[in-house]
Amino acid sequence: MSLTDTGVTERIANTSPPDAGRPRRRLTERLLAVRELSLLLALGALILVTMLHNDRFLSSQSIKDLLLGCAILVILAVGQTLVIITRNVDLSVGSILGLVAFATGELFLAAPGTPWPAALLLGVALGAVCGAVNGGLIAVAKVPALVITLGTLYAFRGIDYYWAAGQQINAADMPRSFLRLGNQTLLGVPVLFLVALVVVAAAGFYLHSYRSGRELYAIGSEPAAARLSGVPVGRRVFAVFVASGALAGLAGVLYAARFGTLDAAAGTGLELQVVAAAVVGGVAIFGGSGSVFGAALGAVLLTTIGSSLAVLRIDPFWQQAVVGALILAAIGLDRLLAARMAARLRGRSARGA
Amino acid sequence: MAGLRGALGSWDAAIVAGLAVVVLLASVSVPNFATGRNAQFLLLDLVPLALLALPMTLIVITGEIDLSVASMVGLGSTLMGQMWLSSGLSLELICVLVVLSGALLGAVNGVFVTGFGLPSLAVTIGTLALYRGLSFVVLGDQAVADFPADWTDAVVQPIPGTSIPVMVVPVLLLALVFGVVLHATPVGRALYAMGNNGEAATFAGVSVARTKFWLFVASGAVCGLVGVFWTLRYASARGDNATGLELTVVTAVLLGGVSIFGGRGGLLGVVAGVLLLGVLRNALQLADVDANALTIVTGTLLIASVVLPHAVADVRARLHRRRQRAQLTAS
Amino acid sequence: GGTTRENSGTDAGGAQASGAANPDAPIKEGLKIAFLPKQVNNPYFTTADNGGKEAVTEVKGEFKEVGPSEASASSQVSYINTLSQQGMDVIVTSANDPNAICGALNQAKAAGAKIVTFDSDTKPECRQIFVNQVTAQGIAENQVKLISEQIGGEGEIAILSATANATNQNAWIELMKQELKKPEYSKIKLVTVAYGNDDDQKSFQETQGLLQSYPNLKGIISPTTVGVAAAARYLSGSQYKGKVKLTGLGTPNQMREYVKDGTVDAFALWSPADLGYLAAYAGAALASGQITGAEGDKFKAGKLGEFTVGKDGVVVLGPPTVFDKNNIDQFQF
Amino acid sequence: MSPDARGTKAPPLLVLDDIRKSFGAVAALRGVHLELHPGEAHALVGENGAGKSTLVKILAGAHAPDSGRMTLDGHPLLLRGPADARSAGIAVIYQEPTLFPDLTVAENIFMGRQPLRSFRRIDTREMNRAAERLFDRLGVRIDPSRPARGLSIADQQLVEIAKALSFDARILVMDEPTAALSGVEVERLFGVARSLCERGAAVLFISHRFDEVFDLCQRLTVLRDGAWVSSDRTADLTVDEVVRRMVGRDVASLYPKQDAPLRDTLLEVRGLSRAGVFSDVSFSVRGGEIVALAGLVGAGRSEVARAIFGIDRHDAGEVRVAGRVLPAGSPRKAIAAGMALVPEDRRQQGLVMELSVERNATLARRRALSRLGLLSGGAERAEARQWTTRLQVKTSRLAAPVATLSGGNQQKVVLAKWLATRPRILIIDEPTRGIDVGTKSEVHRLLSELAGEGLAILMISSELPEVLGMADRVLVMHEGRLVRELSRDEADETSVMFAATGQGATA
């Protein structure tokens, strides 16, 4: 064989054009940035319009209310994003939240002296157990998540109903220190919102910078390929559901602290709102792309719409319709951006030549 | 043994068998279950679910989903109320208009899904909120209730001389139509093909987008029909009619053995799934089981319906392997 | 010619009272009395049904509570059907929709059951007795009086209601508007009605919206237990605490916290347990033939004493109790 | 061939002994032996369905063998999953690319092994640089930070190769890596494979192209029906001998096209353009004629075919079938006009993997087979049986999901599907990709026969011998343009390659 290794390279150098300078910008990342930017703009516009109508909307009280109002949805949206990225979905979060919130109340009824950090941990643990049930059924039995979590949406809620048996737990049944958690501020920012921020930052950092985080995207992008690349798909998916459950548990405890009044119906119907927040935030429903920042912004936007409409005194009948229209607009925008990107990729030939 | 294995192999057969077992058990052990009157109540309660499950089956088989069905029923119902309240049109005409507006709502879904190429799960979560919101916009806080008694009575009448509600007839006819389309026509073949691999279906000359569009339209039209039925049966048109029904419809379809990923399932299984869900609820209610336990049962049933076949297949594969290994070592 | 609105016959008209009542008839033992609330997971109805259970035990009947886990008329219909299948003597229900469950109730009546509604009525012809917690007029007077006292007789007020199509809420709001026209309330202005959908978070947001939209707001009336609790929680954690007054219909357990911390001066409610108790007795009296539901019929309701059936078969429990700092600790529900 | 110099005497690196594997009733492997030596490239050949890919998946840890032993360096090797295989130093390029479309090219290469910086964070910059180094080694330009979505099949395959290289594996397994590559890229790949061998790695190479096999490999193992047939030095073998062992009989390896009388022009393409993809493509095909569309991978041939058939819309130009203008953008109308397209990517475009062989074979005929709008199972089955029998599709039952067939047999089902529509115009994109030698000549005979029956055939092929053997005329594309038309006599290896690499226009 006359061709040496270097010989081959030389010949290739002849057939491929000289280095035309490699494009450096990461298209996917820029696309996401555009997505998040457009959300921020929408949010800004909404706040501006509302404020023009009523300047109290930007009072410190009102901002506090806004931040407080979105914290729980943000936390749930982060968990949901983790799940959706892996091409799954968790419809049971509303039920887990309700179950954990009620359990927290029961805990204080049974052991009034429980310090709130213990309650928090127990709630997160209970949520994680529920998540493990989801994850176990899905990962072990290889059954679509939509079906399983639709089932556990009923099952967990049923357990909650059964347990509560029509009882209600009131603010008076829970310790002051715990309830204050739901209302307290740190440097003017509600503690609840700070918790949500920490959750978003941690999840975002993890997804972006850690191997196992990137593997979640790989799983959602092409599960079969992930398996062949040695990604422990079953284990990761299981972990993601446990995480989603734990975050729903966390949200449940915070719900109890914030609302003070608990019955078995807490969080009913929340699942669609959470999925909506993620979708509005640019998380692709079929996995593989999206960020927790986008989802969190989606959650903030949805809650702000609720508050704005109330302030603008728009007929409350319109509110749900507006949310629906917004979801459609958001996914439409995603589509447009994706089409732009595809066109750009096509224009710039695959070999970068 | 072979029969059992064959039966387990086909989910359709398994679910029909399950239905038979539940009916049998309930007849023996639940008082008042096996009466004509109960059958009438049970079937009447199932009419909306059965109707909505038909187009949903086809849509899920193509790999899409329509979560906005219950909202379309609600909007159909309030439109009917609003027209009756203020248009002065005849009720016949109003019913036709409601079905047509349902089709229009479905067409909006269809345009978003096929025209703009958006995932139906996201689109119909959007229209779930949008249509429900609009149905409150249409009637606001009113409920329209003064529909003529001969109409509201007509939809709950049994077929003379039997205890089967007349409404069962149109349901069966529609089920037949959808069943034939799905299982015995070129369109049905195309639905399965596009559910499994849309691109390959396109290459085989299937107009994937157009077919899906019409499925969403059909779903909307059926929702309009259910809206009419709902309004007349409960003699009440209001914004929150049929709230939350979408999850029950999806549950019934999945219970009927349709794969949520598309490409697999059949209409017989779905009809059996709808009946199973209804019979179980009815029997448990008659047996004074708590509504909360009923919620748990629904959830568990759904999970079992997907986990069990998998577990059975798993066990069978393991047995097969063991037998093979035994043969290998023996020879 | 089709069926149009013009030629639709109304099926109103005198409803009940077939046969004559026998005031001296003894209450039958072993009556099967079923409670069907709007929703089984609602603490308000749990309390009411427990009151009913107490009464049923007193008359030596069989008590049963069934109902849907979500408040929808269609599921109530299927429960009514089940109950009539089971041959209940009395069905005591609170309607999710005044019309939707009528057909099923009529069938149950035809199958021999007596129908009592409580808390939320159906059309009068679909039941024999409606046990009203309090007359709508009574509530309207009470609520307007409470808020007027708290804001000192003048200023802007708003109403935070439940769902926009809740019949009783709308009736009360209408009467409150009438009441406000009285000269002594001439300085009070009702600026808007907001709807919290009986959803905690929504009510919370709506309260927030009210305060921002109406900077001069002096008071809020929330005639719904969910709404008033959510509004109180918002106020207690905000700068408006104590400055914007809140009253409404709430349970002592939910409101205790806010009465004690000064967010709420006074609010009102009837006793849900008494309501259920009375409804059960009314049912028993009907099934025993003591009353038929005709105006003027009288019956004894255990510890609550004697009641008279009013126009349209309505029995009124009595005026609401007002709760404030001084008496709230005497109540546990 | 460099002779005995390399370590054939060294102890084997990897030994497979009596490996067996069944899928349900199908025994895919029935006692296979294989020895890989360091510094040696080893070929694995066999007919479609012989079990090659199955063996690869066992080596990759993706399938567990039912029985048999594997040893690495003399130690027993137990693979519980793909991760185990990796850590044992086995890198695999699968027959079908397995990329993550949403992730960047660099992440695709390094998934699970991304370079790290402090706190175990991923070092993206280093990762991109490493990817670039790999591409430099392969001599290709692919932007490491672009998403994998939208890469052409060839580029996907190159990313796969880069991925395998990145392991610095001791054993490199390549399952038909060249099927989508053109000659230049194949040579680069071989260059890299040889340099790996020089460093003491072992290569297992699977291909249906014997020139490549003999070019690269020192040893060759033949499988037939899942059973081991022989392992020999390639130097001691001839192509004919290998083919006989694979098939069990003698086969003519190429079947030249028979002359057929030319008839009317059936397909006419005028000035067809699609922005950024191809422009101003004009040609015509007559009945009885086979016209080949040649060119390097990525020249835009498949895109032209898709536009003609109506999968994609074109921006300008028109397509005429027997003189009539074909409406753009409707495959259904194209089929109705008598056109058929056998696409290049059988998994994505050709087949519905979960459906049965029978349903796949009749999918494009479902309307024609229905009576009064209703289909009867009998008619479908008869139709499917007719064509699968004619093409000798190897399957247990017609009702078996097509996913359970081997790659080559799947390709035959695609052919069956389109031949069943009895087209007047057959566009066939890479007709024999992944097809074994026996079937290949069968396909060629079939194409020739069809042309004889008056069909107009447009054949896209990256295999030069196929183009030269089958085509009456050769059209050469380069970067989206038709640059050359060569008659059968003019066309030879050099003239086609010259035109395809862009030198033809000036030459």
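Letters A, B, C and D name the chains as they come in the text, with residue numbers starting at 1 for each one.
Everything below uses one rule, namely that contacts are C-beta pairs under 8 Å (C-beta built on N, C-alpha and C of every residue); 3 or more make two chains touch, one makes a residue touch a chain.
None of the values given here were measured: they were computed from a predicted structure.
The chains touching chain A as well as chain D are B.
Set side by side, B-C and A-B show the greater C-beta contact count at A-B.
Computed from the mean C-alpha positions, the centre of chain B lies at a distance of 36 Å from the centre of chain C. A separation of 30 Å divides the Cα centre of chain A from that of chain B. Between the CA-based centres of chain C and chain D the separation comes to 74 Å, rounded to the whole angstrom.
Between the CA-based centres of chain A and chain C the separation comes to 40 Å, rounded to the whole angstrom.
In chain B, the residues that reach two or more other chains under the touch definition are 136, 140, 239, 244, 290-292, 294-295.
Shown for chain C are the residues in touch with two or more other chains, namely 40-41, 69-70, 164.
Shared interface positions of chain D, defined as residues touching 2 or more other chains, are absent. Across the assembly, chains come into contact as A-B, A-C, A-D, B-C, B-D. The touching residues of chain A, counted against chain B in their complex, run 89, 137, 141-144, 146-148, 150-159, 161-162, 165, 269, 272, 275-276, 279, 284-286, 315, 317-328, 331-332, 335.
Put simply, chain B touches chain D in their complex at residues 180, 184-186, 188-190, 192-193, 196-197, 199-207, 263-264, 320-321, 324-325, 328. For chain C in complex with chain A, the touching residues are 40-43, 45-46, 49, 69-70, 164, 192, 194-195, 200-202, 204-206, 208-213, 215, 229-230, 233-234, 237-239, 253-254, 256-257.
For chain B in complex with chain C, the residues that touch the partner chain are 31-32, 35, 37-38, 41, 45, 84-85, 88-93, 136, 139-143, 145-152, 156, 230, 233-236, 238-244, 281-282, 285-286, 288, 290-292, 294-295. Chain contact summary for the complex, chain A toward chain C: residues 54, 56-57, 59, 61-62, 65, 69, 158, 161, 164-168, 170-172, 183, 259-261, 263-266, 268, 306-307, 309-313, 316-317.
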